[in-house]
Amino acid sequence: MEIILAIGIGILTASGVWLLLRPRTFQVIIGLGLLGYAVNLFIFAMGRLKAGAPPLVHPGKVDTSAYADPVPQALVLTAIVISFALTALYLVVLLTARGITGTDHVDGHEAE
Amino acid sequence: MTPSLLEHLTILPIILPLMAAAIMLLLKEQRYKTKATLSLAVCAAILGTALLLLQEASVGGSGGSDTARVYSLGNWAAPFGIVLVADRLSTLMLALIAVVGAAGLIFALARWDRAGPRFHALYLLLIMGVNGAVLTGDLFNLFVFFEVMLAASYGLLLHGSGEKRVRAGLGYVAINLTASLFFLIGVALVYGTVGALNMADLAARVPYIAAEDRALFEAGCAILGIAFLIKAAAWPLGLWLPGAYSAASAPVAAVFTLLSKVGVYVLLRLSMLMFHPDSGDSAGLGQSVLLVLGLATVIFGGAGVIAAQRLERVIGYAVMASSGTVLAIVGLGQANALGGALFYMTASTLASAALFLIAEILVRGEDRAAIGSDAFFDDEYTDPFEADDVEEVGRVMPRSLALLGAFFALAALVVASMPPLAGFIGKLGIFIGLLEGEGASLPASWWVIGILTFSSFATLLALVRFGIEGFWKRDESHALAVRSPEFVAIGGLIACCVWLTIAGGAALSYTEHTGDWLTRPGDYVAAVLKGRL
Amino acid sequence: MNQALLLLIPFATPFIAAIAASFLPTKARNAAATLASAASLIGVIALLCLYPVIASGQVARFAVEWLPTLDIAFRLRLDGFAWLFALIVQAIGALVVLYARYYMSPEDPVPRFFSFLMAFMGAMTGVVMSGDMIQLVLFWELTSFFSFLLIGYWNHSESAQNGARMALTVTALGGLCLLAGVVVLGRIVGSFDMDVVLASADLVKNSPLYLPALCLILMGALTKSAQFPFHFWLPRAMAAPTPVSAYLHSATMVKAGVFLLVRFWPVLAGTPEWGYIVGGAGMFTLLFGAWTAVFQNDLKGLLAYSTISHLGLITLLLGMGTPLALVAAIFHIVNHATFKASLFMAAGVIDHETGTRDLRKLSGLRKTMPYTAALAIVAAAAMAGVPLLNGFLSKEMFLAEALQAPEGRDFSLMVPILATVASALSVLYSVRFIHQVFFGPPATDLPKSPHEPPRWMRFPIELLVLICVVVGTIPALTIAPVLGFAVKSVLGDATPYYSLSIWHGFNLPLLMSFIALIGGTTAYVLFGKRINRADKAWIVGRFSGARAFERAMRWLNISAEWMVLQLGSKKQQWRIRVLVIAAILAGLVAAGFGGLGMKEAGITIQRPGIGFTLIWIVASVCALAAAWQAKYHRLAAVILMAGCGVVSALTFVWFSAPDLAVTQILVEIVTGVLLLLGLRWLPKRSVAMAPSKTDFASRRRRAMDIAIATLAGLGMAVMAFAVMTRPGGSHLSSFLLEESYPRGGGRNVVNVLLVDFRAFDTLGEITVLGIVALTIWALLRRFRPAEESRGITEQRRVQDRHDKQHEQRQSGDTLRETMLIPSVVMKWTFPFIILLALHLFLRGHDLPGGGFAAGVAMSVAFILQYMAEGARWVEERLRIRPLYWIGGGLLITTLTGMASWLFNYPFLTTYFQYGSLPWVEKVPLATAVIFDLGVALLVVGATVLMLTAIAHQSLRTAREIEPVKAPEEGV
Amino acid sequence: MIARISQRVFQQILPHPILSVALFMVWMLMSSPAGTGHATIALIVALLVPQVMRALEPDRVRVRSPLAIIRLLWRLFLDVLASNWNTARIVLGYRKRTRKAGFVNIQLECSNRYALACLAIIVTSTPGTTWVQYDRYSRVLLLHVLDLRDEDDWKAILHDRYESLLMEIFP
Amino acid sequence: MTPAAIVYWGTGFAQVVLALSMLVSAWRILIGPRAQDRVLGLDTLYLNAMLLILVHCIRMSLTAYFEAALILAIIGFTSTVALAKFLMRGEVIE
Amino acid sequence: MLTAPAHMPDLPMWAAIAVTALCIFGALLALVGSIGLKTLKTMYERLHAPTMASTLAMATIVAAMIIYFSFAEGRLTLKPLLIAIFLTVTTPVTMTLLARASIYRDRVEGREGVPKDDM
């Protein structure tokens, strides 16, 4: 399982980075999106992989080893929300830039 | 928990602006006066709080010992919940933020707060974010506050719109989003290897990290470091700074000077906490990188200052150079010079903020076209730059140019760290600190001194050039319209610089003491964790 | 009077006067002049009052603590030398003020001038009286700064701008070096206190840091006193009003350099390094300055180069390193100050009266300005070293010292010869000056018709010339005692015997003097005409320091630009590439190139499941395809990205993160809508736009990007794998799992983390959401769509046309029909989605769900209505005020947090109880629920605001080009 | 009079009674295991949420003949089973040669929006048929059929099996 | 074999089949050829993912993941509606 | 030998078999749907394929879930019915919309095989 997820994170990252380095704003936003997934899963992976053990505890004595680590999950939740917000923001900025500058190049003007 | 309202002082700088911003969202857009008053009141309250905390920090705890005021949010004690820590360093930052923030706000009241919707709310939220970032004692919470700060900064950078800002915003947002991703990766790795997020907890655990986990941990820290170096605008990661800052409207650019300093602050805080000499195998991690990049930043900033064609960009590069200076000192690991560096950082931040404000007044005539790109929709929000109403002109103050020129000169002296003002004291503190003890025999010390001297010279050259352009070569035909809030804002910042000079002894002793405190991370850890572990 | 106060007066009065003058009205010429002269006179008087103290050989001190931790204090220290210097500064200052009162035009805003002048005087006094090295540097730079303002006083003139800038650049650079030097010196000595430093000569000279300290300090001194090769700023500084030149370039500013050399003489002088550098620079400057002065056609230019030459002379004397040479140097400092100040003033008078300073135009002024002529001739004679004038005395001492140049040095014979030559040159330019200006036939083509200046404008010159004469004739009665204690204060016990009598018998120096006088005069007679015709100085004229400086500055500029270009880039791609490379490198280096400790840690791995592998093949394919398609097939990229999102949600399900799965799915849905809303405003990028052939550079760039991307991916994969395969579980998570129910009141630990343990994060996170919504909304109010996207969309155009073509149909029918069925369903799902949101909200604390999920679900309910019926329709019926939701949400969360203050708990402390309301069985009643409510409200507001802000753009009516208004018909 | 007032009050309180019932049941399902507490909440929800629907002004739903509903559901169930079977066979390539897919235009009789919506749902939920386009003026439905043996067959199926029942339910 | 084991392994197999099904629908997203094909592929992907979650609930004997599937069922269609409307009208909200 | 993980409660053999069979059947049917999505020739034909997943496949899996959790939790658990209800109502919406959009696009582009008379 770990190896699959690791490879998956790697591929998401590679695709995202490739897009992040492209000259068109839309490529960048998709790249940021993919990187967002990769990073969220990466954070999630830091809690190690445990199937069938959601951190929903039962009252009473808690066997902490029987639950997945809740901390990375909470961090990912926050990260998801923030990256959603910032994707929206970047989208609007890129739209505005496209309108004002007449190009969708990341520099706001076509490369010479 | 002692039952005293004063105990909640630490959190005021964060929730006051938040509350005010929330209330402003419930107010109609037209109610500028109310909003302005509210903003001013909040800034004043933050300033008051910051000064109280500063006073406390400078006096120290019981028996004159240094303490860190720890505020456990949700009443969850340190490693488990999030804590705010107001120690000497964060309090210093807090005071700096309060001053620059208030100045920017006052300046904006003259006109900028009406150049786009919801300026006050965004502005206060930016202040909140910066305050949170310096106060928090938790790594992930730091991320959150970085994001608050950045989100607000995106909004404020774009405030006033126009092609220049949008273009700058495009790059600024993309770079910072990338940096935020690095931040997350770094935090994740740190948690994945150490299992802690609280900074003090981390500091306490770093020496005991298992050998096989250390490489991963250090990789995480290194990536984290890159994220912070991007924010601190270290070369070659901080190339975004001059463009972004110079595109922003003046009051925004003024508060932006704080943002890069927050990056520096975090690097300083974390490297002193986690990689101090007693921290086992990780001691001194990344220090040489900080030194080299810091110096490179100073050189690059110096070159940029000379090469830049617009005053705002000059200031932007100067801000870079000033970040680089502090980074280099952090990297050098010379605790003696740290006090000077902190002093220098404080002074140069105040002065570069003032310069951004002055620069805007100087280029005001030319800039009109850039601000008002022609609108496409006819239900357009009208802003004061497009309307030629009479109030726009403002009363020309007698001697406004002379006074502004004096302000410019003083601010320029501080930024170039020339005598007699505060910047000089800071740099002097660095020099003397560097040469103390074994420092004189380190080649790095001499490099630092040489490069800092070069950067002073470069800054002076450029600022003299632009001073002459702006004040001596000024066309008589368009008079300078400066409104009183603008004078108050700039004058306030300059007054702080002057005060820092006159009361240089006390201020420097504070920063030196702070440097000393930073070299004893054990005390910080003890204060935060209160012996728990 | 109190000694400390007396010390403070000459220092502080000028500054006070400067500030006071700056408040005077623009035309208050007399008031400003009175103020300034009063200030300097008070200073003079205070200094005179201190005479007894100084004369008795004491040092007057005054100290105030300033930077105690650096051992830097504000210290005033007045010994004999400083006293003499301060007196010159203040007294000549007073005279210059008087002179300037008449010199400056009534139209000039002189209060500013006097303000700068006084400030400069204060700074100069500060330099002289500094008892602390750092303080000395401080005032040193201040003199540079105020001289900048004074030189640039006529700031509209370009030459003033350039001259001021050059002077500042050179002297401030010197000052920076001086600072460094002083810091090093302080490091050697262990103190910045001048007393301590001056007493540590041996320590300093034996220190390994001696040479760097010396070089740095000399950089300061030599730039300031315009020594070759830093001399060039001085002639350019002549753009200043003449009173400024008279003051700064005779007695003060340029003398600061030699003052410094004298001040540190006991500590630094006497070593071979000192001798070579200082002596060499002095000798060269002496000759160079004199030679160049000869060829100057501008009166002030001549005086400027003469000043350079005389400063060279003083420097050379100091470089000799002998006590007697020092005596001569100090003496010449005083003498030069008097005759040069008077000459500058005279030059100013001539300029003022005739309207020109060109030696070739001026002629025969002795007829029209006899009195001024007489004064100028005497002063020039003093400069030339004519006997019975003060210049002669010090020059005699100089020549004597030149003969005493230590044997064994290679140039021992050269020194006296060169000294004589320099003296001859000095005679030559003095004679040329006198002859060209005052003799010959009266000039006819002068811009103004000259006559004698006003009485009080002449007075300063008279006084100074009188001093020249008096000192020159009766030195023993006038200057001797002063010079005596000045020298003693520097040399202490090493003070040598010297005599100030005018007559020492026929000796070699006297001979040399005469050779110089005769030689100079003869040369003028022989070459005068040719010199007048020369454009620039023979031989050395081709070398222009100023041009070199400007070239250096240009080079600095160009190389800075080059550097910025090379070390940076304006291209965002480049910048981001650097970031990514930096992060990869950082990770690699820190992790020690692959040694992630995997072997040591041991790998515990779960066998890959087939299903899981398959879904990750889906995600990988989607990701790679998205990367491939994002440029030309944006919609495909959006869809492919959504595919990745689904798989990451499934992964969260797979590995026990239901909350994450819920949130991911919800966010996925909203992001999809958002991107589509955006796509509407993004014109198509067709494949046809692609360059048909990709050049090598772009192929290489792509290859590099692929390499970077691969490395980044590899890095993340390896790190993720390394962490996942080692044992996990932290003290943090154990605590949270254990305490979540008993102390947080919730079974869903993730939710308790979000609303209790780490509620502060959540507060920040929703703030981010609110800010972003606000920003988007603000930005879109001035939205200007891309040219190609303006107006209605292609599809709508086609469909509307179709509707119009058919008789029965109305415009918009196609849409209505299309949405006929969907809108029924979408409308009726509204209450059920509200239900879902409520459900998610209420169960959050114990089971997956929570405020955020509820908020997004709720916002989806709104968005569905927007999609079903259009924005206008919805907003006519549902008044959604997203800003209020955002503000309210923030307020609720914050107030909930603050409520704990009432119970003396920190912010965000939650309270909970397993209450049992009537009819409702055990339901946890936690304040965290209220907090979560705020979260939900904000999320609804922010999400709806973001989406509708973009959606509203379609509704906005494009601004039409306003038709020109027809003129209204007249009555 | 009283009856009318009470009817209006009833309409005020329960603007959409069916919706309220549905919401109540859905809530009970959602929060299962649900006790009295959830029933209370469900009741509140069922009373309050429909008020929101006032704003959206949906056409009123009038349903007759609950029996017809059950018959409709039963028919749908059978048809879904059958068409799943058919479609699966087609996908797996059993009837490659003989099969022909295509569009069918069908003239509908009913015009009630809800009836049409139900019809659309039914048609589309049944594998093998997809509701593509409906013309309000001519009341012609364009249907896509995966296995188009006989156009009239499909018309008949639609009319007889569903439309008539739906017209019974939504008059 | 215990009943529980049967369920566990049976659902495991069902998951593999569903994952395979996802892979096939992803293929449609990938090759298109037209935008509507991709949208359809995505819709199917969502559907299969939802079924996968349900099966996972059984396999893990946990209802905790149910809400994720429920959300997909109730509002998952929003994305597809938006996409379809975008194709039809060129914009999602008019 | 196949063993069940500890977390799984025991249930009657018939129920286990039913659950398993329903799950597998549903999954296979969904797979058939997806295969149809891949193999069928035109867009409109492909539209029919996933409907199997959203109807019968979904129904069997929901049934499996109801059976399983009713035994696992010891009481009738009808919650999964919600999925059936909502999915049945919402999926057709997307399908018809998609069909409408693609026929419009095909007509505009003048493609073969679509009725032409209308937009």
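So that you can tell them apart, the chains are marked A, B, C, D, E and F in the order they are listed, and the count of residues begins at 1 in each.
Keep this in mind: contacts are C-beta pairs under 8 Å (C-beta built on N, C-alpha and C of every residue); 3 or more make two chains touch, one makes a residue touch a chain.
Note that the structure is predicted; figures quoted are calculated from it, not measured.
Q: Out of curiosity, which chains are bumping into both chain A and chain B?
A: C
Q: Taking each chain's centre as the mean of its C-alpha atoms, which one ends up farthest from the centre of chain E?
A: For chain E, the chain whose C-alpha mean is farthest off is C.
Q: Comparing the two chain pairs, does D-F have more C-beta contacts than C-F, or is it the other way round?
A: More contacting C-beta pairs are found at D-F.
Q: If I average the Cα coordinates per chain and compare with the overall Cα mean, which chain comes out closest?
A: B
Q: Take the average of all CA coordinates in chain B, do the same for chain E, and state the distance between these two points in whole angstrom.
A: Distance between chain centres, rounded to whole Å: 47 Å.
Q: Between chain B and chain C, what's the gap in Å when you average each chain's C-alpha atoms?
A: Comparing mean C-alpha positions, chain C is 16 Å from chain B.
Q: Which integer distance in Å separates the CA centroid of chain C from that of chain E?
A: 59
Q: Roughly how far is chain D from chain E, centre to centre by C-alpha average, rounded to an integer in Å?
A: 23
Q: Can you list the chain E residues in contact with two or more other chains?
A: 15, 18, 20, 22, 35, 39, 41, 60-62, 64-65, 70, 74, 76, 81, 83, 85, 88
Q: Out of chain A, which residues touch more than one other chain, so two or more?
A: Touching at least two other chains: 20, 42, 45-47, 51-52, 54, 56, 71, 78, 82, 85-86, 89, 93-94, 96, 99-100, 106-107.
Q: Note the residues in chain D that touch 2 or more other chains, in rising order.
A: Within chain D, residues 26, 30, 120-121, 131, 133, 135 contact more than one other chain.
Q: Taking all chains into account, which pairs touch?
A: Pairs of chains that touch one another: A-B, A-C, A-E, B-C, C-D, C-E, C-F, D-F, E-F.
Q: With touch defined as at the start, can you tell me which chain F residues reach chain E in the complex?
A: Listed in rising order, the residues are 1-5, 7-13, 15-17, 19-21, 23-24, 26-28, 30-31, 33-35, 37-38, 43, 46-47, 49-50, 53-54, 57-58, 61-62, 64-65, 68-69, 72, 79-80, 82-83, 86-87, 90-91, 93-95, 97-98, 100-102, 104-105.
Q: Going by the contact rule at the top, pick out the chain C residues touching chain A in the complex.
A: 570-573, 576-577, 580, 605-609, 612-613, 616, 619-620, 623-624, 626-627, 630-631, 634, 637-638, 641, 644-645, 647-648, 651-652, 654-660, 663-664, 667, 670-671, 674-675, 678, 681-683, 685, 705-706, 708-710, 712-721, 723-725, 727-730, 732-734, 736-738, 740-742, 747-750, 753-754, 757-758, 761-762, 765-766, 768-769, 772-773, 775-776, 779-780, 783-787, 789, 846-848, 852, 942, 946, 949-950
Q: Show me the residue ranges of chain A that touch chain B in the complex, using the header's touch definition.
A: The touching residues are 20, 25, 28, 32, 35-36, 39, 42-43, 45-47, 71-72, 75, 78-79, 82-83, 85-86, 89-90, 93-94, 96-97, 99-101, 106-109.
Q: Which residues of chain F touch chain C in their complex?
A: 86, 89-90, 92-93, 96-97, 100, 104, 108, 118-119
Q: Could you pull out which chain C residues touch chain D in their complex?
A: Those in contact with chain D are residues 808-809, 813, 816-818, 820-821, 824-825, 827-828, 830-832, 834-836, 838-839, 842-843, 865, 877-878, 917, 919-921, 923.
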